[in-house]
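Here it is, the structure in full.
Labels run A, B, C and D following the written order; every chain starts at residue 1.
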Amino acid sequence: MNTFGTIFRVSIFGESHGEEIGVVIDGVEPGIALSEKDFEKDIARRRSGAKGTTPRIEADKPHILSGVFEGHTTGAPLAIVFCNTNTRSQDYDRLKDVPRPGHADFTANVKYGGFQDPRGGGHFSGRLTLPVVAAGVVAKKILEETIEEETDGHVQFRCDAALTEIGGIADAGQWEAALEQAGLEGDSLGGVVECVVDGVPAGLGEPFWDSVESRLAHAMFAIPGVRGVEFGDGFAAARMKGSEHNDCFSPDGIDGHEGLVTPLTNHAGGINGGITNGNPLVFRVAFKPTSSIAKGQHTFDFGKGEMTELQVPGRHDTCFALRTPVIVEAMAAIVLADLIDLG
Amino acid sequence: MNTFGTIFRVSIFGESHGEEIGVVIDGVEPGIALSEKDFEKDIARRRSGAKGTTPRIEADKPHILSGVFEGHTTGAPLAIVFCNTNTRSQDYDRLKDVPRPGHADFTANVKYGGFQDPRGGGHFSGRLTLPVVAAGVVAKKILEETIEEETDGHVQFRCDAALTEIGGIADAGQWEAALEQAGLEGDSLGGVVECVVDGVPAGLGEPFWDSVESRLAHAMFAIPGVRGVEFGDGFAAARMKGSEHNDCFSPDGIDGHEGLVTPLTNHAGGINGGITNGNPLVFRVAFKPTSSIAKGQHTFDFGKGEMTELQVPGRHDTCFALRTPVIVEAMAAIVLADLIDLG
Amino acid sequence: MNTFGTIFRVSIFGESHGEEIGVVIDGVEPGIALSEKDFEKDIARRRSGAKGTTPRIEADKPHILSGVFEGHTTGAPLAIVFCNTNTRSQDYDRLKDVPRPGHADFTANVKYGGFQDPRGGGHFSGRLTLPVVAAGVVAKKILEETIEEETDGHVQFRCDAALTEIGGIADAGQWEAALEQAGLEGDSLGGVVECVVDGVPAGLGEPFWDSVESRLAHAMFAIPGVRGVEFGDGFAAARMKGSEHNDCFSPDGIDGHEGLVTPLTNHAGGINGGITNGNPLVFRVAFKPTSSIAKGQHTFDFGKGEMTELQVPGRHDTCFALRTPVIVEAMAAIVLADLIDLG
Amino acid sequence: MNTFGTIFRVSIFGESHGEEIGVVIDGVEPGIALSEKDFEKDIARRRSGAKGTTPRIEADKPHILSGVFEGHTTGAPLAIVFCNTNTRSQDYDRLKDVPRPGHADFTANVKYGGFQDPRGGGHFSGRLTLPVVAAGVVAKKILEETIEEETDGHVQFRCDAALTEIGGIADAGQWEAALEQAGLEGDSLGGVVECVVDGVPAGLGEPFWDSVESRLAHAMFAIPGVRGVEFGDGFAAARMKGSEHNDCFSPDGIDGHEGLVTPLTNHAGGINGGITNGNPLVFRVAFKPTSSIAKGQHTFDFGKGEMTELQVPGRHDTCFALRTPVIVEAMAAIVLADLIDLG
């Protein structure tokens, strides 16, 4: 079940320390201008290097194997691969016996009976979000072109995700100090990403099983380390009254939607009954703190059959949530490119 | 896209004030004892009647059309229907021009071009959760039998959801007063449901697209009125350190899982890397306040092209979240019955 | 796996001698005029009564449960059921021990472990083609309206299937005598149905897995009793040379397609590389002779553990292929309604 | 829609003259021994070189990118690629204006609006059957191991396809002369492949939509150039009587199935009611003659808007059916590996 989508379909493959990782994208319309250069900006946003991210830096250069001819998509499946160059597999040997707390080492072992690739998390690695970002670039291009075309250029698709808090701190000015402190303690921090998608036409999605929330949440929870997803007022809605939470209609609409009769407020996050209402989509994604920490953890050694003290070796993000906004955007775009095809 | 699941597949159909609503369930193993009586308990839990729920009471008697022979499932598709008896369609006439804030009236009109059945919310009605509950009963039976069989009776499947707060109040002793007050104001309240699923074997689910969280969240957000879903520590995880959030392993495991090496704590809600780890699954679902309120709302009259004051007529729950725990359980069971088939 | 299609999706349920059989159709566009009367003509074509068909005659009256409001489809799932009224289950008792040669009695028993409904073939019965015909009526309406609309009324969708041979005899004038003779011998005959679909736009289908031939053959082989499917020249193509089989292009095109440059001949049956080329689709479906025959058969009695002489009791078609042309049309329309949605 | 299968899922990508072609296979069980050497035999069977096949010879060396670790499958997606080394793209320039009769040039242009890769047939090329053969190797391994394991080594899976006729000639001794003659005439020949699959357990498949015939035919018609598929007696069944075509049951069964009560004869090709009955699966696939012929064809020049004489340049098989038996086997194994997972 390594494929997502109905018409715009994304399959990813690869392992953290294997030779190549990649993505096959089906359902891409022909005639979309696409080159390897188009991926640079989003891939750079996912890359590590900033404070709080791992010193393992990959070239992350996309290589288009198929689906593009003379600079445009052909309509045939688009295959894009990335080499894994900067691997240090020796770090992971002991983890066969001592599954890292918070990681998939234990569950992978149960599911795959010991045959999984243990190096760097194997297929479970956050590195697999790189081909997701690549698919997101293609999805964004499709959405931008389709929406511009369908609205004669009056509406522009925009998808912007950003961190709103790290380690429970909303004031971004304090993040660097918090990251430094957590790093010194050999510990890690989580974060919350908010995503706003503008320009989405009203009428996408389905009642029940394929509600826009269902599909977006499905994709968001596919990102490793997500603990919660909420739309509009989210969990706070459960503490509001109907008169506070309902979005009334008005011909004034909201910024950028003048002329359309849309809800005046946006407590619902742009969706009613599972279907987009013309308001921006707004949702938040909660990321747990990085599981791999240098700080000692008292856990079980399956090899020796006794408890042990584990300090996870290797190079890790203090707060991997820092690298996720572009992944959240990619997932949102992947879902919406499929929904816009489904009409 | 009115079907959910890969092997255990559920399709629902019907409208709130149509003749019948129903469900077709595919992938049911043959030989499971099933009669119409088996549905009574869960259907009663969904039914209205308690304080804070609508006085519209339906018989909600399931009628099995196919898939059962001589008291056992046959392996062929199971079709179950329910009559709609207690409908008062005259209540809904004005809503064609004045879409109810917080409802799908507006988005359904955009999507279906005015051809949707407007009576009682049509296909978008919460009434469609009745066949979901019926499918949940079947899914629970499959899970109970399969897990008992696979563990020689040592492990019992249990799925229990309950409201943990109404209108932001966690103390259940204060709920009745809060509901009465909101009812007097013609207003409504939301709530939060927590679900705990015990007895789920380790190893279910897939990395990425079909993570257990992805599938469960997909199903939960298909329930009308859900604003957020979180697993384990949920959004609070984003405010924790890795050393606080990681679940270390221990041979002691947790209550009811002695003997198995499982995580000692359950911050992750029973899932690592998208795959169940043997701990109970724990997740919470946030429900918005009921959208239909008697209290006046200033909204747009599309017929007259001007703002108007709307008091939504009809019989409505003050807090529909009261009726949702059994729906949350049903959705969880539907997802898990499919995952256990997929292995 | 009782559902077929990607966007226009058809699920059937029921058993030959159960209470009701039915179909749920998802992906029906809103606004299509539809009433129970629209089904009469096609259902009558499937009905028995003519020479060579069973004297079991059902009312076959469709009952629309959902998805239609005020005479038009709503866009929500369309559920249609049929009562089973004329059942004589006592005929089938002995068949539990002695599976009928050529039937699914044996394989159903292996697959469902004895829990299948044995009455009249249960879910395997040809009676399940009745809801297929109903779905075909809806699919034809969608195709007629869509193609008329997209071509401003210049092209008309037509789907016509007819028997071309019975018992190896192509001359229809001799069929009645052959059927009478086979009936006297307690034996049965097979037949071949040819289907021509006109008005299908060029460009439908996909290379490889979802070629038009793949989808059509998938649906045709779902009809009970089909032994072969061929397109255009079919098996004869394997005996031709490239210079004989290739369809050259010409601005003259073929009847009804003047002005379009399409292949001048139609050896390929309207499809190249899995994609429609604008020519009529032409394919043939081979039906085996009816398996239930009065003539004695030497087969195994699983109850007694010995060989026995079986004369299948009950009322059966001498040549069920007589009733299949409308089913072939329905399957073709179901496939094409989905493909035209996929674009 | 470039993916096939429910649990064992195969996606192919690439173009004839692109950089690489490949396949991603999902749902592969962990622990299956697999190396690049395992592919050699089947790939060699597909390769050209014999009389009647193209002189374009590719190395066809598989490169496993992911899903294998230390010589065994990991359970993660298996990605395999092949380089395209021996391309001569200059041969194909004129075909942009003059679509080759019998090819997808015209339909691809309609569907993809001119953006398709025209070199060597692009994504429509028979070269894409190379990754299909690779997926077939994996599927065969899964079937061999699963069936051996489930039957304690008593039953062996075997899948054998072979040409039974070329150009209408069943006597293989005359094939070489017929091929030489057709080659001299600049013409081409078709052929028929028969496939026998032994060791398949009874009980696979589903009634109706996912009958074994439906799935096998779906896959077979995905092979470029297939015109017909028939099971057991096939089209000849339509000319038989029920008493001749029915397979009676016997405790003697057939070769290799002693002890099991299975049909004594095999007119049905091993399937009743869409479900395998324990007999060998037997089916035939008709291949058209190669479309690319040197012999002149009178067809339309879309560039000049007039009829022209076309002699298709390039290197082509006189009878590509010679290379297809291993592809037919691969498709059969892909279908059955999925069905055996579905149970």
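One rule holds for everything that comes next: a residue touches a chain if its C-beta (ideal position, glycine included) is under 8 Å from a C-beta of that chain, and two chains touch if they have at least 3 such contacts.
This one's a predicted model, so the numbers in the text were calculated from it and none came from an experiment.
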Determine the set of chains touching chain B that also touch chain D.
-> A, C
Counting C-beta pairs in contact, which comes out ahead: B-C or A-C?
-> B-C
CA centre of chain B versus CA centre of chain C: separation in Å?
-> 38
Roughly how far is chain A from chain C, going centre to centre by Cα mean, in whole Å?
-> 45
What whole-Å value do you get for the distance between chain C and chain D if each is reduced to the mean of its CA atoms?
-> 26
List, in ascending order, every residue of chain C touching at least 2 other chains.
-> 1-3, 6-7, 12, 76, 111, 123, 207, 342
List of chain B residues in touch with chain A within their complex = 1-4, 6, 12, 99, 101-104, 106-108, 110-111, 123-124, 128, 165, 167-168, 182, 185, 187-192, 202-203, 206-211, 213-215, 217-222, 224, 226-235, 237-251, 261, 263, 268-269, 271-278, 286-293, 295, 297-300, 302, 305, 307, 321, 342
What does chain D use to touch chain A in their complex?
-> 1-3, 7, 9, 11-15, 18-22, 24, 26-27, 30-31, 65-67, 69, 72-79, 81, 111-113, 115-117, 122-123
Counting only contacts in the complex, chain C reaches chain A at residues 6-7, 76, 207, 342
